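Below: a set of structures, written as structure tokens.
The two complexes that follow have chain A in common; it is paired with chain B in the first and with chain C in the second.
On to the complex of A and B.
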């Protein structure tokens, strides 16, 4: 066992094309999507029958029967059945958090190889029993005698047959993520034009990445899809400007279906290992996982915006690594909404925010926007919640490898519950 | 002045109290409050009832009594005081204007509560007359919780009536939460609280009382607002709830919030028409 932390290498990744909700993957389950993704990864890196030390993944929208989702997916995949697995869940931060966990174990010498991933199906979503019906059935189940059971069941009413559909709202506030973001966007004065420009760039950048073959070794076709179904290569600011706002109210509403991510189905996985394991298997590292950081904010009281936590996590990570915000070749800021990216960047430029909220003497400053989401991000690809982290880690690792040894990339992902997960990668 | 304390052996049945109050509602007169205090000793919390209340108001399920829970235990005594033949105001149609609660110490489901209720301070109001029902809860002789519920009996106008203490404005701005209040919340809260006032139960019974639709119980909207803005209101704390427009069922409402020092001001307003204000709460 290693006595000093080891470098954790990113060897590559795989994902399936992301489908729009109720599209190509409408009838596939989370387990189907994740298994297909693991099989694609195994095929690309020759891992069929190979024992890995662990697979860590998760889903945000998860059926209670899928308590061992990742392990079941491993058992259904080409990987050796001796590969252990566990599930995690940190909303949209799930995929990146999985990578932090696996790379930490690699650094400590507890594992030599592993896969971090994530999957989400918004189509094959869990539907719960009506809460009253559930309580009635539980009461009947607790009853000991037939008479007591019969009595408990008399509380059944026909309207209890109406199922409970999962709500896309924050449990504590009753506001959807888009409504929360609309409040934050208005507070920061983010314009409709700026959001549409970012959205158009995301589509154009991802389309260009497909066209030059960048995606070829990051993706395995699935159920007839070879590209992300949400991608609009011909997207322009002019076309996006025609859409009506869907979040926010009145004159100031700026957020549309075009500059917000749609509900999506998909999965991703990243192969991680120690340098020794990589060299033994003849797999050259693309990048190293340098460090990760999480943060959370008090959005329940309205003190801070729901999706602002990455703005707090990044300066803590920079301080620990002795880096400035400008010391990066690429920035991958997850586009939950175009406004999320724009507010985060604006907050880091804002002296007052950086002083009073982040406790910094000087603002973090601006970034070179030509280094931001250069191969597109979630607005174009779509955002199957837990799968986004793996999508970004794999593509950023490849970009850094192309850039060269020592190049640096920053990942920032916001998550429900007022959370944020961020990380730094370094090119190998 | 001596006060006649009547100690009851069990909580009065609210269904009976409401039935009696309907019969005694006519011919109410006088301007003197009867010199009467009702007391219920050694009240034990029914844990199933506590859980039902905690779930309904969105407090977490646990051993600590929510800030507003003792109000439910004292409410049968309040109704009993107000339905007495010699009580000068009629119970049916009474409007809950305000409620102030002080939790002196954290209470749990294991505490044996001595609950005392009396009517105080009958006074003229712009739109009729108001009275305070004061509920005091002791454990082993120590005052642990108290509440002052202010009710309006409509009728007559008293333009010269002294102004009630001014309520703070609802905090303006974006909502911190949106609550979708279901049509059956009145029936659900009636089942837990025993407050079966017909204005809360069904559109038809509410229409009979002059309301277009059923309205939510004020103490449910107040408790739900407290649950929305605080995790710790079962600890020593003070709240003041001022009720404004009723919440017609079903409704979607917004919670707004502003903090100043250790106290929080929260408001509940209509989501559709934000100028329709339902209540304002201060919690410290």
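On to the complex of A and C.
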């Protein structure tokens, strides 16, 4: 076992194109999507039959039968069946958190190689029994005699057949994520125009990435889909301006279906290893995973916005690494909503916020916007919750590799429950 | 793959009756290669004209493989192969030796038999009479191919003077099931330094091969056969075919490289991938190809250009990196995929025929390139005939049925048949074969 931490290398990644809800992957399960993604990764890196030390992945929308989702996916894939796996769940931070876990183990010498990933299907979502019906059935199950069972079942009412479908709402506030974001966006005075501009740029950047072949070694087609179904290469601010707001009320309603991410299905995976493992396998590192950080905010009391946690996580990470916000070649800020990105950037520029909330003497400052989400982000690609982290880590690693040794990238991902996961990568 | 209704039907009891009563062609199931099976079962006759130096060499090689070798046709019992060495003939008179060796055996050949005629390249003849005689071998071989039934094939091997020992890999190939769908062909064996594999069941062990267009059809079969023969395979296809490509790569423990061969940097990316991932490149197979059929009268510039670009010009561009410094290793093998359409021409396929005839020309040029010969790199091509793939499944049924039957073996070939010939071209033991275009067409009547 290594005594000093080792550098964890990012060797590459794979994802399947992201589909819109009830689109191309309507009938595929999380396990199908993750297995196909692992197979694509195995093929790209020649890992068929190869033992890896660990595969870590998860899904946000998860069936109870999928308690061993990642291990089952490994068993169905081309990887060696001796490859252990476990599931994690940290809402939209799942994929990046998985990468932090694997790279930490690499750094400690506990594993030499691993895959971090994530998957989500909003189409094949788990539907639970109506809670009343479930209680009725459990009561009947507990009953000892047939008579008691029959009696318990008489509590059944037809309306109990209505299923309970998972919703994108915060359990403690009853508000949807979009409604939360709309409040924060209004507080920070984020304009409709700025959001539409960011959304249009996301589509244009991702379309350009596909056109110049940037995606060729990041993606493997699946079920007839060869590009993200949500991508609109011809998206413009003018077209986006025509959409009606869907979140927020009255004057302040600036958030539309165009500047919010839609529900999507997809999966991603990233191959990580020690430098020795990489060179033994003839796989040159694209980047190194430098550090990661999480944070959470009190959004329940309304003291802070639901998706503001990354704004808190980043300064802690910068301080630990002795870096300033401007020390990066690329910024990958997950576009849950265009407004999320804009609020985060505005908060870091705001002296008052940085002082009172982050406890900093001076604001973090602004970033060079031409370095932000340069190959598109979730508004264009879509956002299958747990798959977003892997999508970003793989493409940022490739960008940093192209940029050169020592280049730096910052990843910021907001997650339900008022959480945030952020990380720094360095080009190899 | 299009199913061969007719072929399957005639192999049923009822089918056999119908076929024999109305005189329809009756295709047999061809004997195909297996690394664990003997090269060929049964007795092999090896004989020749005069002192027949090649017959002596081949007979001793086959005996070392524990095959049953005779130098005279047995009075009773059947033969599975006849090898006739005519390398010392000087005059058409001497062709009588060929007749005398082969003719008496034909009626008692087993099914899937092999007739291999050995000669010298006519260009090297020292007299007009000798050249006439040597040239006659080709006509005779092709006629025997057409006369043979039940899966039998006949091929001619022309061995350059002084290179007799370079013939071994070719003889093995022709006797084995690798050449199941190859008949009426002329293979020229010349100089080179063959290296015998440690294990003939894995002749490509330790080699790194790249195959373009490997997601399906013939390319997928090439990838599988090269891997079976021991090579580590880089499977290349367009990004849109990535899921099928991943399945091929994972099934053979290779790697998938998603790229369009028409990309300007395709060759460099292939070479870089092979070098960084696998430490070098030994075998490159240019198989990716498309058709955009239309009568020439209706062919616009786009259809013209796209077919020439994928099938021919991309190969020229990729070869700059593949044959350049840091590309294919010395002693490596480049294989191209032509088509009988490039030899015979095809109505509605001017663009395709142009590209595939171009591939033949390119193969001839590179195969005799002095620098490549010096580096020990062989360059050869296969020209498939009618092969049962998704490409040919698109042909309308009537035309398809004709294409499938118009050959000496009376059936379509399988992707594996093309792959086996490519795998043979890729052997270091076959270093003496370069600049050859071998048709894998069951001796199709087209372009013969």
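In this text, the second predicted complex is superposed on the first by the 428 of 428 C-alpha atoms of A that agree within 3 Å, B and C clash if a C-alpha of one lies under 4 Å from a C-alpha of the other, contacts with A are read in each partner's own complex, and residues count from 1 in each chain.
Everything below uses one rule, namely that contacts are C-beta pairs under 8 Å (C-beta built on N, C-alpha and C of every residue); 3 or more make two chains touch, one makes a residue touch a chain.
Worth saying up front: this structure is predicted, and the values here are computed from it rather than measured.
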| item | value |
| --- | --- |
| Contacts of A:172 with chain B and chain C, given as first, second, both or neither | first |
| Which superposed partner A:219 touches (first chain B, second chain C, both, neither) | second |
| First (chain B), second (chain C), both or neither touched by A:284 | second |
| Most chain A residues touched (candidates chain B, chain C) | C |
| Contacts of A:46 with chain B and chain C, given as first, second, both or neither | second |
| First, second, both or neither for A:66, with chain B first and chain C second | neither |
| Partner chain in contact with A:78 - chain B first, chain C second, else both or neither | second |
| Touched partner set for A:112, first chain B, second chain C, both or neither | neither |
| First (chain B), second (chain C), both or neither touched by A:36 | second |
| Partner chain in contact with A:300 - chain B first, chain C second, else both or neither | first |
| Intersection of chain A interface sets (partners chain B, chain C) | none |
| Complex contacts: residues of chain A adjacent to chain B | 169, 172-175, 179, 183, 186, 300-302 |
| Residue ranges of chain A in contact with chain C within the complex | 36, 39-40, 42-46, 48-49, 78, 213, 215-217, 219-222, 226, 282-284 |
| Touch list for chain B against partner chain A, complex | 173-180, 229, 257, 259 |
| Residue numbers on chain C that touch chain A, as the complex places them | 232, 235, 239-243, 245-247, 249-260, 263, 276-279 |
